[in-house]
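Here the chain labels run A, B, C and D in written order, and each chain numbers its own residues starting at 1.
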Amino acid sequence: MGEKLDDDAYEQRLDALQLAVVETQRWLIDTGARVLVIFEGRDAAGKDGAIKALTANMSARRTREVSLPKPTETEKGQWYFQRYVPHLPSPGEVVLFNRSWYNRGGVEPVMGFCTPAETDTFLDDVPRFEAMLVHGGMHVVKFWLDITRSEQRERLEARRTDPLKALKVSPLDAKADEKWDDYTAARDRMLADTSHDAAPWVTVRANSKKEARLAVQAWLLRQLACPHLTAAPETPDPDVIARFEPQQIGNGWLAR
Amino acid sequence: MGEKLDDDAYEQRLDALQLAVVETQRWLIDTGARVLVIFEGRDAAGKDGAIKALTANMSARRTREVSLPKPTETEKGQWYFQRYVPHLPSPGEVVLFNRSWYNRGGVEPVMGFCTPAETDTFLDDVPRFEAMLVHGGMHVVKFWLDITRSEQRERLEARRTDPLKALKVSPLDAKADEKWDDYTAARDRMLADTSHDAAPWVTVRANSKKEARLAVQAWLLRQLACPHLTAAPETPDPDVIARFEPQQIGNGWLAR
Amino acid sequence: MGEKLDDDAYEQRLDALQLAVVETQRWLIDTGARVLVIFEGRDAAGKDGAIKALTANMSARRTREVSLPKPTETEKGQWYFQRYVPHLPSPGEVVLFNRSWYNRGGVEPVMGFCTPAETDTFLDDVPRFEAMLVHGGMHVVKFWLDITRSEQRERLEARRTDPLKALKVSPLDAKADEKWDDYTAARDRMLADTSHDAAPWVTVRANSKKEARLAVQAWLLRQLACPHLTAAPETPDPDVIARFEPQQIGNGWLAR
Amino acid sequence: MGEKLDDDAYEQRLDALQLAVVETQRWLIDTGARVLVIFEGRDAAGKDGAIKALTANMSARRTREVSLPKPTETEKGQWYFQRYVPHLPSPGEVVLFNRSWYNRGGVEPVMGFCTPAETDTFLDDVPRFEAMLVHGGMHVVKFWLDITRSEQRERLEARRTDPLKALKVSPLDAKADEKWDDYTAARDRMLADTSHDAAPWVTVRANSKKEARLAVQAWLLRQLACPHLTAAPETPDPDVIARFEPQQIGNGWLAR
């Protein structure tokens, strides 16, 4: 566990990937492509950091990170996807969802913020909804950052004690460990029910933040397959990242 | 053809229906229901008037008529439904779409504003999209106002010559008759492909504006089925309004 | 008091004005003008009806009536004008505010929905705010529809007893008479403090709904001064409508 | 010129300021304060980096960086401030404008994207507009990051040759040096005309990126004056940052 990668090696690999990210975004802008990247995972799984590393050299005007606050009373009564739709990418844009509609498959049922029937409806609807987006020409890539229980404990503890991280502490953090098994069950069901050909889940073993960040970028680059790269980016590490398959539940790939 | 109904009889029937509309909306507000009513039909089919008659006594704050301008360049490149979604009803609201996403099944393919592939994608997606809205608790009612060719000619001619109606004249009006058969074919395909159990089309024979307006209100009231009405509203006239059935294409119900 | 104008004479004058309204809007669209018309007045003063009469033949796509619901908690904490600004007219549009930011000069202080300091700030800011809009090329016309106490009583009573008007009844109606004098004082202060050269108040004696509707249209037409009218519109009736002058407070022009 | 500050000293001072930033934002959230920070300056003056350094530990959900794309045709015809207003802070939010409405005082007149009359109107309106925001309880802080001509040349050259910065290169960069004097004149006029008591300009000598970032944070902290800080933040360095005074034009404080 933890970081095995030394800083220099990491920076070198990161720079090479970032160069390809920059070249890819130039091409996405030129062709008017639309890209939606969803980052999900337990608390402290490294979503913020993975997004920051990915976007470090991206165009500020063509890249948007979307992290919606909890819904208002009015939004709660609307069509579930309504408040997300205005944030979908326009031509030439890359949008990164830091958490997403998948709240309804994870934190909401675990914390009792929605009814079981609402989660059922959501899990039923989301593959059709995403398929429609892909059908209409959008790239949709979904990363699940997966960490172990001990790693999460350490990170949340570090957050609690580092005054610079005080604003990252959420009241829900305290429940992350207590509800570990509920979150595990919710994750397993969500991945199994909502991974589909138009937008499969990609699972990332994220105990090493550096390896996870590199893997996310390498995977995304392979997925977008820009034909104008100066150099082929590194191959995503198969020990770190993989398309979700049902056997990942139970074979040790995903932490329990 | 034309109006057979005298003014007094019309006003009397209209008032009775309007009373039920008011009572129904009170109940919709109280229960936080969401209602989407789509009005479609050829140019001059009577969409504006039907909406005006329906909403005459409705709550201004809880009722919205939505008639979107043509899409901007940015919107053209987005997910097709994206610009419509922010207008969907919030709890307690009735939203009336005066034309709608069905542009892509009618005026757009007939006038060459979209590709045949885009229409195919749309016709494929829309039942799933609407089913999702209904699945999430929204009432979706879709009226197709149908007029004959001679009636349309008369109305468009009246529009052209009445200076008070100058702002209703659109450059597309001139094509309505010329492209009559193309519009007919597009309508037939659209009704057949996009009438589904969650949101079936309701076809209205609209040569008599008065009968059409009454029928729309009666049908909508029956559909919403408010349990607190002072008096049962009139039964929708089966010679004027019916749920779409494939045999309506060809059996004379719909004008050709 | 009440209606002295017979229906035929009214329809004839209205048609003539409406023709000029249609011609004027054609010109506004062609020149990309922006027009904001604010309708204010006590409950039941006839704002809805005046707007309906004005817009009867206007372009649905270039005309927007804006009647905002009460602010959300978030909106309450924002800059006061923030929730109104997105509704301001784009080029070629006429926007009609059915009530407006002037809530903070009338219903809010009278009903205790804001602090006296907030009203002071508002009355201080609004002339500068409107001057900026006018400075930037927007037409801003503000109508105050004024009715007498007995007329308001009659209208509110008619509303309460007409089931077709049930959705127009507001819990605030009951206070309109009880707080008559407070509303009078708020009106007087508001008109005096916020009538300025860039956007003066126009006061309309509105006990006769028909005369008020005609006067509003005639005034607006004179103000916009379209150079392409088929016929000069009627002169606004000086017994019905006038630019606000401080002496209107106390000389009997405005009802007390 | 250039960086004189070593990395360790910088990190230490930065961490101390960041701790105070975190504590301040906690208090801003708790009290529902609204903060708008405007970052302006020539191309490559260091706006992006100053924002990144400031926000590194801030709450993602309560902090928004706003960097608007160039206006659409519709927006161009609207009230100039209209497209900015929806981005103003809600209670508890800090909003950072990376460029702002001041485009109309700098890049637009220099590059001929607006008329001289539009700039005049803007310079005339903006103090009143900002005063209204402050009047309504918003904190408005405006930083002008100032660099010398040689420093800008070096940075733009570095940008052009670093493939990782390819997406930061704008077609306008090429004009930055050519139009240096025009930009200087526009800056001088803008600072002189739009620095006012409610929202004075704060000028930052930004040739040293590190000193500039520290100074911005120290100034902002002093301005917001959170009463609950663990330790008093460093005093803003008077050789780096100062409230704008007319004599700064010509006395060497601002680069020419």
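The rule is short, and it goes like this: a contact is a pair of C-beta atoms (placed from the backbone, for glycine too) under 8 Å apart; a residue touches a chain by one contact, two chains touch by 3 or more.
Since the structure is predicted, the reported quantities are computational estimates derived from the model, not experimental observations.
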A-C compared against A-D, more contacting pairs: A-D
Gap in Å, rounded to a whole number, between the CA centres of chain D and chain C: 41
Centroid spacing, where centroids are CA-atom means, of chain A and chain D in whole angstrom: 32
Between chain A and chain C, centroid-to-centroid distance (C-alpha), Å: 51
Touching two or more other chains - residues of chain C: 74
Chain contact topology (line, ring, star, complete or other): complete
Parts of chain D lying in touch with chain A, wherever the complex brings them together: 15, 18-19, 22-23, 25-26, 48, 57-62, 65, 67, 69, 98, 163-168, 230
Footprint of chain C on chain A - complex, ascending: 72, 74
In the complex with chain B, residue positions of chain A that touch it: 32, 34, 74, 77-82, 85-86, 88-91, 121, 124-125, 128-129, 132-133, 135-136, 138
